[in-house]
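Each of the next two complexes has subunit A plus one more chain, namely subunit B in the first and subunit C in the second.
Let's turn to the complex of A and B:
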């Protein structure tokens, strides 16, 4: 009975893992990259001279810019500058003559108060959005990503049950022993980082729980989910005087001082100003996301922007909300400092590698049965091609995306979309190449291509932009230099892998050569 | 965070040495049952103590997350070093045993 159960779990682990493996690999790799989203954003816009500014100074810059460019807008949203990405991001709704508003996003230098001029690129935002939306449009991508997360959870749990000697083999890794080593590696990556895997997978389900599992909300609020969200995130609109009289607004630095009096030491992540310039204007100060582990959006202090009185203080945080926010915050790791951020990134890569080793093992086990055959079964060829394109092909696509940021002409219309197109075209090309050569030669060629592209990134940064390593290293600009150096590092790792694949191919050829010669001789007779 | 990491690594190494097959390959001879039991106790004690430095320095929320991170990282480093550089792996644990508590004391008094 017990063995039967374990076998059933092993079957589930094998097939659920195979079906969703490639998608999960992509989600985990882009998710790991997202931990350096701000750094990638800085790297992607090398023209911008990032300079740190104090909160009052940067809020004053934001207000001056918005009063000049969006005086009549119904609301302003100011994403504060922080150490990792020291620019202000401003959003406002611009009402055209037809009455339909369009949302305008502007990036502003917190010191000069001028709009930042930079190349059109999505940078780290691309990986971030791809990680949970898969470029599929709302809501399909989110549903597919949630389904993948659910399957990931199932494979994790079934994997733990399948693993016979979890504690006995806890420290075991025997390299250089073929399938045995792959299984050891898969187990070690899975078991040693298990807390991370469980946390990241479970929290991803928590993040989209209101979308995927709305039953409790629907029954409690009679099918009106909007009412639930209104209660969770109370709107600040229409809270003050409803008259639309014009009235001068207090300077944001003064309002910020009021906020600090209410919340001593409070760091601001976002300020939203409702009905600026009118007598009913309010300013809502939302705490910085990275200031604590839990991520609880929608909180904050609302002040009357004309006289500075408190409209709404800090809301109480019910325990369930804090628990959900804790999972959300731990998933994103916005609070993490440099060391913890790298550990997050490495754990993410460990999860990616765990999925990759699983996929390699699925195929390796089945290929062994056809070791002597000249033609492999069709389904194994397909899985082999998908393995190659899904793993190395994706790395090629990421590398090409980074190269495109440096190489595409700055004046190209729709430049940011072209970068994304380059990503998908390279991925598609790698799939076609993989279908043509789903074997060692294919692996060697794609690994070499990815390594070459990644190694070229710092060179391109040096010669195609003004912020190459020769500039960023002496300046200590580790965000930009780090991306270049990491690209070079991963390029070297991939080159090493390519070399290993090449040597193994040579070895295999040397071993296979005699029988093949005999066979050809026989055919000739 | 660093002190926690040192304690975690030393703890995992003690637990690793408490297993006969690893003990034999790392030390070169079979371990006495009493020694293995003592190592197991020491390992669990070190791991049990390891969250405190991080939590004392960073508060329970940040500290706990950091502890989880270094717990995984130290075990990963250990398992990766074992087949390639076994002597370095054991030596590092020796350094951790001394530096970990020393760091904790320094942080406590400093």
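Let's turn to the complex of A and C:
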């Protein structure tokens, strides 16, 4: 009976893992890259001279820019400069002639207060959004990502149940033994970072829980979801003077000083100004993401922007809310310093590799049954092609996206979308190639292509931009140099993998055909 | 529709499909109804109870989904899901009604 249970879990682990493996591989790889989103953003805009600025100075720059460019906007949103990415990101709604508003996003230098002139590129934002929205429209991508996350949860737990000798096997690695080595690797990767895998998977469900598990909100609040959010973070809209008469706003640095008086040492992540320029203007200061582990979206202190009085203080944070916020914050890891961030990244890659080794094993086990056959069954060919395109093809696409950032003409219209198009076109090409060659030759060619592209990234940075390694290394600009160096490092790893595949192919050919000398001798007899 | 390449009988395929649906939809229904129940009974402020219930909902979903594949037949999976959903549904309705009075 117990053995039956374990077998059932092994079956579930195998098939759930296969069906969602490729999607999960993509989600985990892009998610791992997202831990370096700010650095990738800096790397993607090499012409920008990033300068650090203090919060008051930076808020004054933001206010000056918005008062000049968006005086009549109903709302301003200021994403504060961060030491990892010292630029202000400003959002405001611009009402056009037809009356329909469109959201404008501008990146502003916190020191000069001028709009940053940089190449049109999404940089790290692309991986970040892809990680949970999969380039699908709202809310479909989030639903699909949440479904994949739940399947990951099921696969992880069924995998733990299947795998009885959890800690003994962690110290077992038998390299060079084919299928056995893949299993050892899969288990070691799984057990090594198991707390990370469980945390990252469960927290991803918690992040979107109000969307995916809303039954208790609907029941407790009679279908009024807004009432639930208002109880957590009392709404500020409609407070104070409702008259639309004009009134000068206090400078944001002065309001920030009031905020500091309420929240000593408080770092600001975001400032949102409602009805700027009117008598009922308010400014909401939201704590910086990553100032602590927990992340509770929606909180903050709201001040009357005309007289500086407190409209809404910091909300209390009862334990359940802090637990949920803790999961959210741990998932994003924005609080992590450089060492912990690298650990996050490596753990994310370990999860990606765990999924990858699982996919390889699924196919390897079934190919063994058809070892002698010249034609593989159709379904194994398809899985083989999806394995190749889903893993190496994705790496090719990421590498091509980075190369496109360096190579596409700066004046190209819709340049950022073209970068994304390059990503998907290369991924599609990889899939077609993989369907044509789902075997060793396909792996060799795609691994070589990915390695070549990644190795060329630092070269392109050197010659196509002013911030190649020859500049960034002496300056100690580790954000930009780090991306170039990491590309080179991963390029070398992929080249080593390609070499292994190539040598194995040579070995297999040598075993199939008897050595030449022997054949000649036979003919002589 | 039995394919000739794999000797898997149709009944088996249908049973697997049935279990998948029971786990995905039935399991979700049980999880959602359980979270509603928790949100009513947890001794916390209303919104905090709701947050806790949503977080625990995924654990219920996981347990329900695993059960659907661990039990002996697809029928049993459905029986468990529908049984739990029925009990929880009655409980939820009772709690909601008691609250209205």
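Keep in mind that, in the parts below, the second predicted complex is superposed on the first by the 511 of 525 C-alpha atoms of A that agree within 3 Å, B and C clash if a C-alpha of one lies under 4 Å from a C-alpha of the other, contacts with A are read in each partner's own complex, and residues count from 1 in each chain.
Note that a contact is a pair of C-beta atoms (placed from the backbone, for glycine too) under 8 Å apart; a residue touches a chain by one contact, two chains touch by 3 or more.
The structure displayed is predicted, hence computed values, not measured ones.
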Partner chain(s) touched by A:330 [first = subunit B, second = subunit C, both, neither]: first
Which of subunit B and subunit C A:318 touches, first, second, both or neither: second
Broader residue contact with subunit A after superposition on the shared chain, subunit B or subunit C: C
Contact residues of subunit A, present in both the subunit B and the subunit C interface: none
Residue ranges of subunit A touching subunit B (in the complex, touch as defined): 168, 170-175, 188, 192-193, 195-196, 199, 292-294, 330, 335-336, 339-340, 343-344, 346-347, 350
Subunit C-facing residues of subunit A, complex: 5, 8-9, 11-12, 150, 153-154, 157-158, 202, 205-206, 209-210, 213-217, 219-221, 228, 231-232, 318-321, 323-324, 327, 377-379
Of subunit C, residues touching subunit A in the complex: 5, 31-33, 35-36, 38-40, 44-55, 57-58, 61-62, 65-66, 69-70, 92, 96
Touching residues (chain side subunit B, partner subunit A) in the complex: 1, 12, 15-16, 19, 22, 61-62, 65-66, 68-73, 75-76, 78-80, 82-84
